[in-house]
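Worksheet: one structure, shown below.
Note that the chains are named A, B, C and D in the order they appear, and that numbering of residues resets to 1 at the start of each chain.
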Amino acid sequence: MAFALILFPLLMAGLAAAVPSNRLRPWLLPLTATVHLALVVMALGQADLTGTAGGWLVLDPPGRIVLLLVSTLFMLCSFYAVGYLGHRQERSNRVFCTCLLSFLGLMSLVSWSHHLGLMWVAIETTTLVTAPLIYFNRTQQSIEATWKYLVVGSVGIALALLGTFFLAYSSLHAGLEPSLNFDDLLKHAPELSKPWLHAAFVLLLVGYGTKMGLAPMHTWKPDAYGEAPGVVGAIFAGGVTSCAFLAFLRVYHICTAAGESAYTSRLLLFMGLFSMAVAVLFMVGQRDFKRMLAYSSVEHMGILALGLGIGGPALYGTLLHVVTNGLTKGVLFLSAGNIHRAYGSKSTDLVRGAIRRLPLSGTLFLAGFLAITGSPPFGPFISEFAILNGAFDAGRFLVAGLFLLLLLGVFIGMGATVLQAVQGRPPSAVRNTPYHDGWLTAAPIVILMAMVLLLGLYIPGPLTAMLNDTVRFLEVRP
Amino acid sequence: MLERLIYIALLLIMPPLLLGIINRTKARFAGRTGQPLFQLYYDLAKLMRKGLVLSNTTTWVFIAGPVVTLVTVVLAGLLVPAGPFASPISFTGDLILFAYLFGLARFFTTAAALDTGSAFEGMGSAREVTFACLSEPAMFFALLVLAKVSGTLTLSEMLHGPAGGFPASAVAPLVFIAIGLFVVLLAETCRIPVDDPNTHLELTMIHEVMVLDHSGPLLGVILYAASLKMFVLGAVLLHVIVPIQTGMAWADWALFVIEMGALAVAIGVVESVMARLQMRHVPYLLVAAMLLCGFGFILVVR
Amino acid sequence: MSSVWMVLTAICLLGLSGAPGCLLSCRSSAGQRVATLLMAIGGVLGVVGVGTSLGGGSETSLSVPWFLPWGRFAVGIDALAAVFLVPVFIVPVLGSIYGLGYWSQPEHPDNGRRLGVSYGLLAGSMALVVIARDGALFLIAWEVMALAAYFAATAEEHENADVRRAGWVYLIATHIGTLCLLAMFALWRSETGSFALAPALVMSSEVAGTIFVLGLIGFGCKAGLMPLHVWLPGAHANAPSHVSAVMSGVMLKMGIYGIVRITALLPVGPTWWGGVLLAVGAVTGVAGIAYAIGQHDIKRLLAYSSIENVGIIAMGLGLALLGRAQGRGDLVLLGLAGALLHVWNHSLFKSLLFFNAGAIIHATHTREMDRMGGLAKRMPWCAALFAVGAVAICALPPLNGFASEWLMYVGLFRSLSSGGEVAMAAVALATIGALAVACFVQVLGTVYLGEPRSDAGDHAYDPQASMIGPMVVLACGCAAVGVFPMMAAPLLERATQDWMDLSGPVPAIEALAPLRWITVMGLSFVGLIGAAVLAWKMLSRSRTIGTTGTWDCGYAQPTARMQYTGSSFGDTLVGLFAFILWPKKYWPEVRGVLARRSRFRSVVPDAILDRLVVPAFDLVGKYLPRLRMLQQGQTQVYVLYVLAIVIVLYMWGAIGA
Amino acid sequence: MTHQLNALLMVVLAINLFALGTSRILALIRIVAFQGAVLAILPLLVHQHLNAAAAVVVLLTIALKGFAIPAIMIRALRDAQIKREIEPLVGFLPSIILGALGTAFSLLFAGQLPLAAQHSGSLLVPTSIATVLTGFILLTTRYKALTQVVGYLVLENGIFVFGMLLIESMPLVVEMGVLLDLFVGIFVICIITNHINRAFSSMDTRRLVTLKE
């Protein structure tokens, strides 16, 4: 099963590279994605955690959540991508499709891998295969964005590798059989040598944090999200970040198992609040609504870090937030992509009255904004509120207060931009630009929004079970 | 029962006399003989016989003004005890109704004035409502003091004071509110120094300017209601100033009438010896009255 | 069907009433009629449900598990909820009937449907807020209400920048409130262990105090307690009038309901709770009505008077809280009963007045009162109805405003028997009353009486029955409650019982404040007026009645422009209250022999919003972006950040360890 | 054993300083290639008992770090047709001083991290940290895109040095994967640098500042 999930998309990627027709190639995306999702569902069906490949590939509860999330998001995005590429026939989409598909495979690898080295390799490779996606538009800006993504991202990832080595050495130093196998490390967590563990945690937090986009390593994010097509933004903000989070979650798991939760939460709370603050800083008065979305992503990565920092009582909310944030980001980026296409601009100086120019996308963009800022009855409200409750249960009142304050800042900063974009009268220039909402470019967003709304009113039993399993899994102490 | 009837009769008949007394007093001070005591009765009789002229700007509100005023003042009168006797109507919290009935009267008087569309009458009604905003608090401070010292919430028991008369500690506050209430009386009944009832400079008037367009029976109603108002407020004030009463009913009636007359004389004296304040200084006077009553309140709750 | 199910069905009907319209054409009024029908059915069903719930015997609560991490779907109807449910089920229905004429779909093809949907959602969610018995459910209903109100109020967003601005201010304000409520409920949960809104028997006083303050801020934002009222005038002024009516008449009361409910759940608190609420209420009331006098825009004026009434209600609550802290059952009863009755009354006369304002705007196409005048001749019905509303809102007998304020007065006067400083509030209440008279005489006189000041009202006329009807209903409501307040007494007593379990037998309101006398006086007043009218009829038959122009002190050529305007009417009062209002005046500069034409202008901006909040936001917006130089695009710097954070984190961790 | 190792590590450190000092890109690339080759020999010294895996790693490392990657970069350099001078943000002498300071710091810092018995006395940890810091200095103080790639390469070298500590425990596959990833990474970056050169007709990253707040 594991190999099927990982290799099938890679094979299809190869196929995509081979297919000559620019018009047919995109259809490989939904095809692969659907099959992949089906396989994922089957994989989730079988409950045993016994690994394949000598315990290197195990689908544990956190992996299940991320796998399901990203596969779902990817499928919807893939349909959208067909519609989008339909509008971009002037440009070859060979590289685009190939990279997207191989990302799907690597993502599956990340969520399966139980060997930190292997996981690192997978993450690093996702960095490499996603770079061309940003470069799709072939403009000077897009090159610049790609360059920054590669340099900052690679440096961060390199630090993650160093951190991984430190982690391994901490076990070696403890006189154990040195290993990067997650389960071994978890088993011997308490014996690991503390100084090495601390250093490793810092490096891995920074390393995978760069990939998640925590401030101040977020610098590549607004550029990349701003220049990449909306669908790529969605996959980045919902998929890549989630994978990076999963990778970091493993490290966090080991450190907490080692009884270092005081140390980790100290660092994580700092990073979380700092990221949210930076997001607020750059959201206020932000004219470019795609960059604004990037900062919103920074903010939510901060929230995830914060949730982990609070720990125990907030874990449920944090994991739920991975899902709700991923789906909502999908809504936002896809609808923003449509608006961008219709107006030929992503600056609110030109973009006005989107609701009237694109009734569907505009409304969804607005709804997405309300959802992502944590308004009931949408999913993110539930998860953010759960995190808040966790903070109160953990007695971290100051953190809770700052959290709420920053949420307010985010709401004001984001709302000013979004409302400016969707309200008012559209300028006459864009009344009759070619783009109009079509099935392929609108339906996926509607479905995503429906999911977000559903998660706000009713969390399906299986998902609840998965979340609870994960929480229990994360609280195993050897 | 009997004294109720007597009281109602007194309430309805006596008020115009007060104006006569006031005018006589002023005339005496001016060294004139002055108009007969019962002048206002003659005027009213004459006005009631006259026809009337309505401005074609006006609507039903114009007529509602005097009518509502009269009705409310009469009702208010029924809540106030005369001399030693319980008021015809009295229940817990009637003092608030008493105050608010004047509010209702004010609402319709001023509305009627605005109904004519005349700048002068607008001016008058604006002043009326404005000064009311200052005299109202004064009045309520006074009511609070009375309620505190008498320990009851019905106007008549309150004004009669507790069984053994007001406690000595209550004297100072009572003096304060007595002065305050007297100012309020002058303001509410539009006498000097707040207003000048018989000037002919419309710009300097409050009450008179509001009724410029009312004529005939309506004017009569207004004049009568005004005198009633003075009578009612006077009755309240008297209870605070001179809470003395002989045991005998008839003596008390006489006493009450004399007190009322004396009050009228006092008003007349004030009108003769004082000049009308500048319009922009009136608020200070009223604020002063309010502060006096406020001090009284602080004294009793302290 | 049990009462709770009736109410839930009603909520669904109200909430979804707008949905069918979305499927129908935006040019036909069919969808709107369907919506109104659904709302009417829902309203009737709801009222019946509430009635049966009070009747007892019927199922009044429901609690089923809910697939969220916490919380259950728990609802319940007690007397306290019933009090608030009544206006929720009545006013919006009247509003949507009114809307048939005022905001007919064919005339507003591009926002009619949106308005329909959000309006229905608003009504439904408010009812849900009232019956929610679980924190999570409450929050969700609350926020749906807030957002629905936003979309309803900004129906004209695409045409008018003011609407957008007002909406944005509202959105921020309500979000601040919601965040406070999030904190409050989170704290509640971490203390009591669940979101169940059941009375907390034991709670440390600090925590209870914190919850109270958070609730006061959170709910106060919605209710419009000063200084949290900043969103209110703009939103009400720019919303469609029937939406303003519902927002002001009902939605503000949800904030009040929140405070009432949370104080009911908290254990008996210290006296400062009541003191704070009383003080805030007094300030809000006086300042609110003072601001109202300064307004030129009739809807802004009404909005400020809503703030004033919220202040009055808050004073009643404050008295009740004080009474509870001091163990004075009578104060609790009178304060709370007065407050709750005033909730009803305000929803009656304020929606009446907003409907009326809508009719005026519909007829004159302006909100500037100083451009109106003499409408009473053209719109006799509206004039009469407005007069009723005005008398009622000034709390003058014999209408309903007086009944509720009278209860509070009696309560305040009764507090004299112990201490008595509290009774000072009675003076504030009296001042508010006098100012209200000034304010509404001004409106009545400027809008309806005198001569037209401009041609705005030339084509004015009484609107059609669908707009008059609801107003008549509301006016009758005002009269009924005003003359027969004792009808409400039993419900109010039960509500008080729900709010605080008064030890021993409940003192009947009648025993503390004889409402029957209000009836007696009211009836006698009506009787006397009737007699007077008859007398007038006879008299006027036997007299010659001439008509002529207003005398105007013999001025030969009076013109309509010479009339006292609303602003000149209120000028002295605005001057007296300048220390809170900070009015701005722009004098004409008259220079030279033949001065150029120029105009005098006076405005009373909202001190908090326009002199505090907006400048603060501008300041932040000006200086915060300065920090953006941290991200100027050099990759080298970005890499440096990575290195720097590694060091910082290591240090930060080392310090901790 | 440890002595040769440390001697070799000293060489690596020296190369770091040279790398900071050179003013010509070509020279820089060559120096770093040499460093890679030197590093490739380390496993032979670290390994107690030589085995096939180690041998493979050594060969692969030499092949990639010593030849393939430099080749790619020199190729990119030739395509770019750009001035061969490195344009430093911070001058060469200051950057050498910075490097020296970094080395000193890492020697001190390494004290914080206790070594396992079998590694006591080896300079692996300080060397790797120093090399990583050198990489950072190159990345942050040079303008040309290509020099930044070199900086990244040095950074990776530093990590490779640390990898020596784990050479027994690190499975071959991972070793390979890491190397391969590194290779592909450099490859992709070089492609991008080419694109940059084509789009901006320069490799000066000072032009890549259009995207900012």
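Please note the rule applied: a residue touches a chain if its C-beta (ideal position, glycine included) is under 8 Å from a C-beta of that chain, and two chains touch if they have at least 3 such contacts.
What you see is a predicted model, and the numbers here were worked out from it, not measured in a lab.
Asks: Farthest chain from chain A, going by mean C-alpha coordinates, please.
Replies: Centre of mass proxy via C-alpha means gives B as farthest from chain A.
Asks: Where are there more C-beta contacts: A-C or B-C?
Replies: B-C
Asks: In terms of CA centres, which chain lies closest to the overall middle?
Replies: Nearest to the common C-alpha centre lies chain C.
Asks: Indicate the whole-number Å distance between the mean C-alpha point of chain A and the mean C-alpha point of chain B.
Replies: 78
Asks: So the centre of each chain is just the mean of its C-alpha atoms; given that, what is the distance between chain A and chain C in Å?
Replies: 43
Asks: Could you tell me the distance, in whole angstrom, between the mean C-alpha positions of chain B and chain C?
Replies: Those two chain centres are 36 Å apart.
Asks: Using mean C-alpha positions as chain centres, tell me how far chain C is from chain D in Å, no decimals.
Replies: 69
Asks: Provide the list of chain B residues touching at least two other chains, using ranges where the numbers run on.
Replies: Expected reply: no residues.
Asks: For chain A, what residues touch not just one other chain but two or more?
Replies: Correct list: 144, 147-148, 151, 155, 199, 223, 282.
Asks: Two-or-more-chain contact residues of chain C, please, as numbers and ranges.
Replies: Answer for chain C, listing residues that touch two or more other chains: 625, 628, 631, 633, 635, 639.
Asks: Please give all chain pairs that are in touch with each other.
Replies: A-C, A-D, B-C, C-D
Asks: Which bits of chain A are touching chain D when the two form their complex?
Replies: 115, 117-118, 120-121, 124-125, 127-128, 131, 135, 140-141, 143-148, 150-151, 154-155, 158, 161-162, 165-166, 168-169, 172-173, 175, 177-180, 193, 195-196, 199, 222-223, 226-227, 282
Asks: Where on chain B is chain C touching in the complex?
Replies: Those residues of chain B that touch chain C are 50-59, 61, 63, 67-68, 70-72, 74-75, 89, 91-94, 96-97, 99-101, 103-104, 106-107, 110-111, 114-123, 125-127, 129-130, 132-134, 136-137, 139-141, 144, 147-148, 151, 153, 202, 212-213, 216-217, 283, 294, 297, 300-301.
Asks: Under the definition above, what is the set of chain A residues touching chain C in their complex?
Replies: For chain A paired with chain C, touching residues are 144, 147-148, 151-152, 155-156, 159, 198-199, 201-203, 205-206, 210, 216-217, 219-220, 223, 262-263, 266-267, 270-271, 281-282, 284-285, 316-317, 320, 353, 355-356, 370, 373, 375-377, 381-382, 385-386, 388-389, 391-393, 400-401, 404, 407-408, 411-412, 415-416, 419, 423-425, 456-461, 464.
Asks: State the interface residues of chain D toward chain A in the complex, per the touch definition above.
Replies: 112-116, 128, 132, 136, 139, 145, 148, 152, 155-156, 158-159, 162-163, 165-166, 168-171, 173-174, 177-178, 181, 184-185, 188-189, 192-193, 195-196, 199-200, 205, 208, 210-211, 213
Asks: Would you pull the chain C residues touching chain B in the complex into a rising list?
Replies: 373-374, 376-377, 380, 383, 387, 390-391, 394-397, 402, 406, 409-410, 413-414, 416-417, 419-421, 423-424, 426-427, 430-431, 433-435, 437-438, 440-442, 444-446, 449-451, 512-514, 517-518, 520-521, 524-525, 528-529, 532-533, 536, 539, 543-553, 558, 560, 562-564, 568-573, 576
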